[in-house]
Amino acid sequence: MRIHLQNFKKTFGDTTVIEDMNLTVEDGEMIALLGPSGCGKSTTLFAISGIHKINGGTLHFGDKDVTNLPAQERSVGVVFQNYALYPHMSVAQNIGFPLKVQKLKTAEINARVGEIAELVQIGNLLDRKPMQLSGGQQQRVALARALIRKPDVLLLDEPLANLDAKLRLEMRSEIRRLQRETGITAILVTHDQIEAMSMCDRIALMKDGRIEQISTPTQMYESPASHYVASFLGNPPISFLQAKADASLDLGHGNALPLPIGKAVQGELTLGIRPEHFGPQHDGPKISGQISFIEPQGREDLIDVMLPCGQKLRAIAPSGHGLKLEQDISWGTQMDRLHIFGADGTRL
Amino acid sequence: MKTLTCKLALITALAAGPAFAEDITINVWAGGSNDADSYRLDNISIAADLLEREAAIRGEELNITVEGKRDFDGWDGFKQAVTLSAEAGNAPQIVVTSHLDIAPWASAGYIVPVEDYVDLDAWPLSNVYSNLMEIAQYDDMQWGVPQDAESRPFFFWKETFLKLGHTEEDIAAMPARVRAGEYTLRDMLADATKAVEMGLVEEGYGFYPRVSNGPDYAQFYQSFGGELIDPETGKLLFDRTAMTEMYQFFVDAVDAKVLRKNHIGTDWDQWYSEVATGKAAFWHGGTWHYGRYTGKEGNEDFFGSIGFTLIPAGNDAGRANTITHPLVYLITNQEDDRVEEIAAQLVSIASEPRLNTLHAIQSSHLAIGKAESGVDLYSNNRWAAEATEVLLPYANAQPNHPSYGAFSEAMFKGLEAAWTGVQTPEQAVAEVEAQLSVTLGDDLIIR
Amino acid sequence: MNKQKLLGAAFISPALIAVIVFFLVPVILTVVFSFTNMSTSTGILGGEYQLTQSDLDDLSGAGVSDEAITLLQGAGYAMTDESLTAFETEFGKTRADELAQKFPDATFDSRRDMERALKELRTDPLRSTRERKAAAELFRQSILGQRYETKDDFANAVSALNISAADTQPLTEVAYTGWTFTTQNFELLWQLPATWRYAINTVIYVSLTLVFNVTLGLFLALSTFFLPDRIAQTFRTIWFLPRILPPVLYVMMWQWMTWDQGFISSLLAPLGVDRIDWMRHSAVHGWTVLVLINGFVGASLGMILFSSSLRAIPQTQFYAAQVDGAGRWQQIRYVILPQMRWPILFITSYQTLSLLTSFEYILLSTDGGPGRQTEVWALAAYHTALSNYGGNLEYGLGAAYALALVIIGIILSAIYLRFFNFRELVAKPRIEQ
Amino acid sequence: MRSRSNLFLIAILALISTPLVIMYVFQLIDSVSRPALGGFLPQTWELGNWRFLWETIDSARPSIWRVTFNTFVFAASTALLVCAFSITAAYALSRLNFPARRFFLAGLIMLHAFPTITLIIAIFIVLQFLGLYDSLIGVILVKAALELPFGIWIMKGFYDSVPWEIEMAGVQDGASRFRVWRELILPQVKPGLAALLIFSFLAGWSEFILPLVLAPGADAQVLATYMNAVIADDMRPDYGLFKAIGVFYALPVIAVYLLFQKQLMNIYGGGTKG
């Protein structure tokens, strides 16, 4: 089911938190609403789910205008951060509750509960109470409950935040698998870029109630629309350098990069260089500085380089490089991967 | 002219000669009553039985259900309950209460005059002592019928009295001497002080008065020359001098160690037990105490051990006196006039000498009518006979005045303040005076 | 109006109705009553019109002419033509004639005399008392002692006596038996010396009990916190009981402890201490016992609340403090007490209000004695309005007393409101639809 | 050192608890024995103190069983009413959007601490206007209404601590708000409800002034007024009898306490501070 949010506006009392937002999620697509806390991603999710009122604009599921429909009539499945399982009900009762509300026959409820339980692989846990389950199992129950009535849309509100690292990895692919198998349109709200990038078809990166950029993960990583997008994606994060464009991109104290080909740039700029595009293994224009920190990561090392101008540049180097702290270096930069942002933060 | 029309309707109904069955429920509430006073309620039941039989003989079917209640939270609780239920329109049909309630309850419209329903000139009401009947009058109307008579004598323990140096003849002469004002409260105080000093009684037991508020304390006011009401204007009277001297008397008694400073609030049980066994030299109480002393407290020789007189005069201005504080049967205002009428007839029948004697003797009260002396049960009772003779002729009652309750309350509070040493008698009197002049205004004459 | 609002209204209305009927209306009534002279004599529910014998004395003062007073006084019962005619229709000509003949133009002062006259009928006597009563009514001229339900009825009766219209107005005022509006209650409160004593008593009572309460509650919570569970539980039970035991029973236990023949006296008697009533011996005894009675009850509330907030402090903080070398006292001083500020404030303000206004335990124990020494404001309101030996219930004055408490109550709870995080409390529901 | 200071604490606690313990112990002892006048040690065993159970101790008093029944009806109905009204009103205040919600909440806090007993005169008028004066129903309604702000307050605390997500999940699962409340939220506040039920039952069981003033008639006597009347009757002050009645009166309280101790202590579990 295609979801189309148009000119969406949300206010709490006198403060407007989201204004004139547009978002389209294609049928069967999984999209991530990514952003720091307070950017309005959860608000958007609640508006789509029907828990929050839509103060302006429209919301369509397919061709159906659901803007003013209450949550109960929207056919939306939600998985909450804390799963919100009903503590007094067994797993089976939890999963079957949406069907019970629809007044389905017990036999049918049981059959469908069994079916979905198999799908999320908790068939053996049906008689337990939520308190007796591990975090991952609770997560699966929550998914099953959200999916059982075959909703038009599946909303996931930070579903992995309460899990430990190993389970998170497992559930990431699990959720994606379920989404693919059911072919449901899904929206994932998260502040974790890795989750967003690894699970979703597209990412909508939000900031202050606006969508900053919406595109596929790769596209967003490789050509961020703004300084903000570039800084949000990537781990270890991108390094920014202040530069002055003249005949060259002057980094001060003798460091300079050539002007990029085909781009007319002038004046004060911010350069974005990802760690994997700077290092001893790279050719290209050199930047000199002194190693200020080495963080071994096993397969490779993270190296902080202090430039003479006082700015810091991060590099990734394969291990076994033999570098030492306070060693002076001069490493190459991959110019074609260099991001240049103007004073207003937009990418040039 | 509600009453008139009602009555005319009644006459018309009567003329038609109805012969239908009539069911009437009569609720009786009695204040300040305990087991010994059960005939306050029982006599109404007996009367109902008689009335039913009379009706049966006339060929009418009359069923009267009598329900009684007397376990209230003291007089306070009883009056609160009656007042509020009257306000709510479901007051008990008959209440047995102090005659002092007539004035406020009449003016609030809670009660109806009994004279509207019964012939005061006919038996048995014609038999009731007229001074008692007057006590149940207010504003020239007969509101209630006295239920019992009593008075509040002064008692002394004869053995202690003898040890103080008095003789048997002195004891015999006491009632007369007190009456004549020859033996005053001050004499009593001297005797009591001596008794304590001689170790005949413990400290604080020379004079052992009532432990809570009651009409008794108005007696001491009268002993010092106070009068409660001005006969000319019908207004309450506050006699500053008498009040001060009365308070002073109690303070002096405390100072002389014959009276305990914290006497008020002593447990009644303890009090009865102590006075009945001679722990106290002088005290005062009520005629009904006889029953308690000789009954529960086991004093088998009442007349040999305890003497009684009027409350002595306190000074030259005052007089020996005793207050009678009869309870009265009152009929409350009911929606159905017929119920009021039945209730009044029941009260009237309950005042038959034989019935009232049951109450008088069981509860050690005095007769309400002359004819009771003709009932063996009464005449064979020495206490009833003697107390009637020594006390009743000199008894006066407290006035039926709407504000007397407030007056009496304030008087006692002031006494309590002086007695417990919180204020000097002068301060206490000044405060009571201030309070009363504000609250009572025109209803009070201050002298 | 959407579904949620409807549900909200449906859910809140039973409670709302109860609160309006038994809180809001009474508050308003209390305000109204405090401006009336309502008492037992006036009744609560409006009055009627009645002139009585004793009212006659007040009439000239109220501006009624002497002429009218004479008319009122002299009326009584009379054999007038109209009354005889009325009598004839009801009771027959024979009787009427005999009466007219026996008592030509007679007047009678009282009904009793009138009834006696009726008894004189010989040819066809009126035998039943009831008939005579009804007959006597027909001859009544006087309106003294008669109750009239409405003003008009009264005015008609007055004019029937040929009293001028000018006199009717003041007469009506005197005759009205119900309550009227007045500000005299507040003047009285201001003028009565007792008022100030009650106010001072209240301050003494509230502050002493409060200090006792909070200190003891805190001590109990802290000490049981550090003790092994079983022992702590035993002490908590001992101290919790006063709170749930019925007040009548609980106070009876104290009476037994303190009366002359009671436990304390009996215990001390062999040591040569006089037997006294430890509750009413003096003001100091009274206050001490009152503070103890109320304090023991109040302490248990403190104990429960403090204990639960103590348990809410993470255990790790105590470990950390112990590692830092803090002794038990230092743990209390630096770890516990700072975190107890809120519960202590809560208990203090909550108890202040309830102590100010509750009088049940005092009523059951000293009842204000000895000598009004322990009469607090709330008890005075109750005594004045609803319970005193004379049965003279002054609702108006009592309401004025109560009104003072109501106002203090509102002010204190408004302050109390500030203690709560009100904004968080009224945070909008998160489901909006 | 720890155990020494514990011993010291226990000693102090024991000391200040003595008066209470003495009262409790002698409450039991005196109910079945009789001390000499002026003493406190039991002299003779006395089962006659319990005579009130099989005879009316004073001719005009109602039977204890009737009074006990009244008390039970009073306490139970009060508790049920308070709970029924509180669970709905508190939910509305905690979770639902409706007009003037802020106002109700502020009002609730005020009332929750309001001097109710000072209103008793006016409450009498209201009752009498409703024709409920001197009836058990009237006192029940008044008591329930006066307990209500406290009840709502407590229940609101419990509702507030139920995660919003449960409610949202319910709504998302298609259930109406009523159904969400009934099937999903109510089970979460059961401990609070139990505590409130017990608490208001005990409050009703102990209530004295309201029945005293508002229902003085014989039909509506409760144990509190009964016991007070027995004590106030100056002809028969008899601590043996008083204490026996007292033990009888307190038995249900003790039983409830022992059975439901946990729930009772829970009453402030919803966080009164909020």
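First chain written, first letter: the chains are A, B, C and D, and each begins at residue 1.
Here is the rule we go by: a residue touches a chain if its C-beta (ideal position, glycine included) is under 8 Å from a C-beta of that chain, and two chains touch if they have at least 3 such contacts.
Here is each chain with its UniProt name: A = Maltose/maltodextrin import ATP-binding protein MalK; B = Bacterial extracellular solute-binding protein; C = Lactose transport system permease protein LacF; D = Maltose/maltodextrin transport system permease protein MalG.
All values reported here derive from a predicted model rather than from experimental measurement.
Chemist: Along the shortest chain of touching chains, how many steps lie between subunit A and subunit C?
Modeler: Each step joins two touching chains, and the minimum needed here is 1.
Chemist: Top contact pair of chains, counted by C-beta pairs?
Modeler: Here the largest contact count links C-D.
Chemist: CA centre of subunit C versus CA centre of subunit D: separation in Å?
Modeler: Chain centroid spacing, subunit C to subunit D, equals 22 Å.
Chemist: Distance from the CA centroid of subunit A to that of subunit D, rounded to the nearest Å?
Modeler: Comparing mean C-alpha positions, subunit D is 55 Å from subunit A.
Chemist: How big is the gap, in whole Å, between where the Cα atoms of subunit A centre and where those of subunit B centre?
Modeler: For subunit A versus subunit B, the centre distance works out to 93 Å.
Chemist: Quick one: subunit B and subunit D, Cα centre-to-centre, how many Å?
Modeler: Those two chain centres are 40 Å apart.
Chemist: Which residues does subunit C have that touch at least 2 chains other than itself?
Modeler: Those would be 3, 44-45, 261, 386, 428, 430-433.
Chemist: Would you mind listing the residues of subunit D that make contact with two or more other chains?
Modeler: Only 37, 128, 168, 171, 176, 213, 228 qualify.
Chemist: If a residue has to touch 2 or more other chains to count, which residues of subunit B qualify?
Modeler: Those would be 77, 80, 84, 87, 267.
Chemist: Give every touching pair of chains, nothing left out.
Modeler: Applying the touch rule to all chain pairs gives A-C, A-D, B-C, B-D, C-D.
Chemist: Name, in rising order, each residue of subunit C that touches subunit B in their complex.
Modeler: Residue positions touching the partner: 39-45, 47-48, 50, 52-54, 57-58, 90, 110-112, 115-116, 119, 128-134, 137, 140, 144-149, 153, 157, 177, 187-188, 191-194, 259-261, 276-277, 280-283, 366, 369-373, 386-394.
Chemist: Hey, which residues of subunit C end up touching subunit A in the complex?
Modeler: 3, 428, 430-433
Chemist: In their complex, what parts of subunit A are in touch with subunit C?
Modeler: Those in contact with subunit C are residues 12-13, 50-53, 70-71.
Chemist: Report the residues of subunit A in contact with subunit D in the complex, numbered from low to high.
Modeler: It is residues 49-51, 70-73, 76-78, 80-88, 97-98, 101-102, 145-146, 149 of subunit A that touch subunit D.
Chemist: Please give the residue numbers of subunit D that touch subunit B in the complex, ascending.
Modeler: By the definition above, subunit D touches subunit B via 37, 58-61, 124, 127-128, 131, 133-134, 212-214, 216-218, 225-226, 228-230, 232-238.
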